[in-house]
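Paired with subunit B in one complex and with subunit C in the other, subunit A is shared by the two complexes that follow.
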Partner chain A sequence: MKKLLLFALLLFHTQVQAITIEITQGAEGALPIAVVPFGWKGPAGQVPAQHVGEIVAADLARSGRFKTLPVGSMLSKPTAADQVDFRDWRALRMENLVVGEVKPNGPGGYLVRFQLFDVYRGEQITGYNIPTTARDLRATAHHVADIIYETLTGQPGAFATRIAYVTDSQEQGKEVIALQVADADGYNPQTIVSSAEPLMSPAWSPDGSKLAYVSFEKGRPAIWLQEVFTGRREKLTSFKGINGAPAFSPDGRYLALTLSKDGNPDIFVMDLARRSLRPLTRHWAIDTEPAWSPDGRFIVFTSDRGGSPQIYRVPVSGGEPTRLTFEGGYNARASYAPNGHELTLVTRVGGNYRIGVLDLNDNSLRVLSDGRLDESPSFAPNGSMIIYATRAGSRGVLAAVSTDGRVKQRLAVRAGDVREPVWSPYYQRERNR
Partner chain B sequence: MKLNNLSWIMLALAVLVLAGCGGTQTRPDSGAQVEERGGAEAGGAGGAQTAGIRGGGAWQGSPLDNPDSPLYVKVIYFDFDRSDIRPEFIDKLRAHADYLNSNPQTRMVIEGHCDERGSREYNIGLGERRANTVRTFLEAEGVSPRQLETVSYGEERPANPGHDEAAWAQNRRAELVYQ
Partner chain C sequence: MWSLLRRNPLAVVLAVAMHAVIIAFLVVGVDWLKPPTPQPSKVAVVQARLVDQNKLDAQLHKLDAAKQQKQAAAAVARREEQRRLAELKQRREQEKRQLAELERQRKEQARRAERERREAKQKAEAEQRRLAELEKQRAELKRKQTAEKQRLAELERKRRLEERQRKEAAAKAAARKKAEAERRRKEEAARKKAAAARKKAAAERKKAEEEKQRAAAEAKARAEREARQRELEAQMQAEQDAGERAQVIAAIRDKVERNWLRPPGTSERGLKCTVRVRLGNSGSVLLVNVVKSSGNGAFDRSVEAAVRKADPLPMPESPRLQAEFRDITFEFEPK
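Take a look at the complex of A and B:
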């Protein structure tokens, strides 16, 4: 059995305030689903602190693809198949029903069991028993939501993932900049590094176990590589000039980055095992913000070689870059969708900076956000949502929008600014059925 | 109804035993607890005497601190998405070049900064371009490259935390920080 890194992000117990997520625009045509509160089959005094059914329902509702039934509207509250009367749920016009139970399973362990039903056909669609622990119960609930989401939409869920982001707040009159990691629903936020100087550009390794980032902690920028689970870190580059914009290759063996050690910013590729550097672009313009195609064959980057910042693509093996964006005077910070056919980027519309998606097949650009200063877009690993940084009044907050633009969420901490969100990849996990 | 096809599938989510995770509860590298960077406005060349009272004419302290000297100006501003030096700052930069030329042991860090619009790493590039424009100007005026260093903070260190054109104009800047 493989170890699952997924549920182990203990980090340093630097518990910080949770991010709250509010759906600001829901999709029409969301699937009606009832998630009944899960039953507890253990001693009455030992009910788990995490309510699995609530977490599952919140995940599904937040995706915008589902409309969940309020618990108060339920006519019955079954926790197992033999208690289900489908007439109760047909009367409420539910299409799908989830019931489940949590029971003790050895010292510190739980067994989570759930069943998903098609209400109209009166049949079970799927069901699982998942052994877990008190510590991992929340993650298991996200995993249950992933299974339901994938079963009903045909697309993998991305609830059991994380986001990394930078916060900027005042603590005892001093500015503290922190790189934090939280669950994708905003819970369990933890600081992995903090500094009085800027922290920038977090980038996940493809297995979600490491973050590369830029820190100015010594008064000059350097790229660091930090293990998220242990906190161990090492400095990768601290050349004269810019050390910025790290991006892991899909196989995790290489890091694309921006260095200006030779006089102006160019893209380099570092072999992480050998620590060797290979220049990829060489131009007097600003070349920065590299991002890999999912097949690892291309790198897109921002360059103002044509007079304004635009997106270019270059083969990883080298060669002449091709310009990809032509609409608008400012396109920057591109990254690939998991399908490899689209890029999300920052585009200027009028005087506003917004999140766009460029279709690489027909070169059409659609704008998904409506802020003045939106930036740092990052796809969820299933491609369903894009998380980005925006402003609410004078505060920096995070927002997410579905790739079709129909669902919008806002994510905010209670104080301070939040910026530069990056969605984690999927964590390695067993999906054998 | 009977759920005869009820087949519980054991999703064997391993209870995660992370190797070595027991020993990792403390932040192992406190290197990011960093010392304060010298304030950009402090501006004092080493040992500058600033106690002199302005009276009767002559400035007693370092010329860098004399409000009547062009050297007093240590922040120069740029237009949006531009890195060329605006005409009103040429005299000021020439005065700094003269000062550095007559004080060859004095070193200066040129910080490049941007307003918050656009992407952060591109702004790091733009901030460096601004700092380099100032460096190139000073070197053309005879300043030794050894006396100069550049660093770009992009939009990460705004001088004015506001979000309007007035704030942005104050944030598109190069700061001349004497060491």
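Take a look at the complex of A and C:
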């Protein structure tokens, strides 16, 4: 009898014990997402020229964090929640689904509606109705991509930003060099300034409203400042010798630049309000290509004081520069990532010039591109992508690579040589949103 | 002396005369040698022509210029040669670089293929090992079961044998007693019937007594045997359960790991997420709750998606074990 009681107790004990399973392995990769082409709910002859679904899918794929499903593989193409059958998407192993539609909304206006679903949970994550116009339809599509990116990855998206770059083309037999501003995917280029003499080194002000650049229009290099939206421009410096490589400070009050008026190229800092100059480096070697850290305390620059071009860092208040790069015989054109502890730069590997990312915490250098002559890298304002100039055959073109090196994409630009891209910061209204 | 002189006057005169002649010769000075007569010269005359210094200079210049030209031509030829050599070298280097590039790419591909092959092989080996382990456990259990069965059969046989023997012994004793009572009645027919009846009654009472004791002893032995058997069965069942539980846990872990797609950049950051899952009887996922979030929303969502994508989870066969598996806690921590 005692033994029976003991057995009964033992059986009960094993039933109460809960099961815990440890999972330590899994695959790492881009999130599978399906963006169904947005439906058009207006008259058949007035389909808008911009295909919102395509723009959203291209943006998400270019960031490297998402793997979009090709339209040809979709089993059904719903445009609203009541048409969605989650089994269609689970069969394709899609974890997220975006459906939407565009409706006419008054004369020349549209209403864009989209919904984001979690396929395996079978419920909607978020949805928006966005009124817009025909002219802003593309910008709205980028905004939709930003919302989806931020909802699923937790980081702000950078698709509704712009890039500035220099183009060099032949028009009626003459060479024309222009500074253009386009959307971050290369569409909608607008010429800001054009000239027959070289233009170089564009730099955005931190509020995205001004561009500083170097122009040779008077025969000698000078640094100009131009407002992007009004076109007003003024000359900032035109000293004897080199005036180059302007870079705005994060608060927009100072401009770092390279001047050789005292004999050899050195870094100077100009107070924009007072137009006064202060030398930052004083060395017989060449110091150029300054870039500010996001907290405004340091400037990194390229110098060959050690015998070959390498990256150095100096406090903005002045002091002795410290060397940052020790791998390779050529490291130049460094600029900070928005997180403040990574730099992107041009490094020479073998005989090729490639884009790399230097982690300042552990001094490791990661090479991201694989071209022969890649240059002018520039971070997106959310730090997830780097835009740079590369060569395709004999032409200069722009390319973007995700910061983890996973996705590389060529950007759509017109004929001619394209070089020196810089990514704009977030616009003021974006930051307040 | 003067006497000497007076005695030899001839000698004196001769001496004085000689001395006078010598002195005369000394004073006058007669040249005994013949003066040399000039010989006619036999030297050849050089037919020389006067050369204009300027013309000479010009000639020298021309020679110089010719030499310089030749040198320049040689230098130009040398430079051409050098340039050609440099071009060839450059072209060769370019080719070499291209070859090196191709080589590197090929090596990269080969390395990648090799790595994949190695990983696949390692995975296959680990799988095989795990299956072999499970097989071994199952074989072990089966062996133990058959051994138990054999032992129980043996015990049963022995019990039946004892039973039969005891029955035979009891029958023999009863027969003997009956014969004894018969004989005594035959010998002493006259003995009081009461005494005979009393004896029979006594004998019968004793028999009943023995019978009861025997039954009690038998019952106790049977109870003990049954208890031991139940103990063995429970032990076997527990071992079987443990084996099946481990098997099902491994199958569940496998399926969830196969379906877990982590967002990029989360493998080295020490993220850990715990979810609690409620399952139906056939392994269908009814409820997923994040008990402890990792702090990264994308990571948590990937964990929940992994469990849902693995629906239906493998379940054990016995209903008793199924009850244990209705409520599972998963700890996701990439290593």
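As a working rule, the second predicted complex is superposed on the first by the 385 of 433 C-alpha atoms of A that agree within 3 Å, B and C clash if a C-alpha of one lies under 4 Å from a C-alpha of the other, contacts with A are read in each partner's own complex, and residues count from 1 in each chain.
Definition applied: contacts are C-beta pairs under 8 Å (C-beta built on N, C-alpha and C of every residue); 3 or more make two chains touch, one makes a residue touch a chain.
Treat the numbers as computed from the prediction; the structure is a model and nothing was measured.
Of the two partner chains placed around the shared chain by superposition, neither subunit B nor subunit C is touched by A:Glu171.
Of the two partner chains placed by superposition, only subunit C is touched by A:Leu31; subunit B is not.
In the superposition on chain A, contact is made by A:Thr153 with subunit C only, not with subunit B. In the overlay built on the shared chain, the residue A:Arg391 is in contact with subunit B alone; subunit C does not reach it. With both structures placed on the common chain, the touch criterion links A:Thr20 to subunit C but leaves subunit B unconnected. Within the superposed three-chain model, A:Asp85 lies out of touch with both subunit B and subunit C [touch as defined at top]. In the superposed model, A:Gly109 makes contact with subunit B only, not with subunit C. Set against each other, subunit B and subunit C touch different numbers of residues in subunit A, with B touching more. Overlap of the subunit B and subunit C interfaces on subunit A comprises residues 3, 7, 10, 14. Residue ranges on subunit A touching subunit B, taken from their complex, read 1-8, 10, 12-14, 81, 109, 113, 115, 122-124, 127-133, 136, 140, 143, 193-198, 200-201, 215-221, 229-233, 241-242, 244-245, 258, 260, 264-265, 286, 288-289, 302, 304, 308-309, 330, 332-333, 346, 348, 353, 372-373, 375-376, 391, 394, 420, 429-433. Taken in their complex, subunit B has these residues touching subunit A: 1, 3, 5-21, 24-29, 31-34, 36-37, 81, 116-122, 124-126, 128-129, 132, 150-154, 156-157, 161-163. Interface of subunit A with subunit C (complex): residues 3, 7, 10, 14-15, 17-32, 64-65, 90, 93, 95, 118, 120-121, 152-154, 350-351, 404, 406. Residues 97, 100, 227, 230-231, 234, 238, 241, 245, 249, 252-253, 256-257, 260-267, 296-298, 301-302, 304-306, 308-309, 320, 323-325, 327-335 of subunit C are the ones that touch subunit A when the two sit in their complex.
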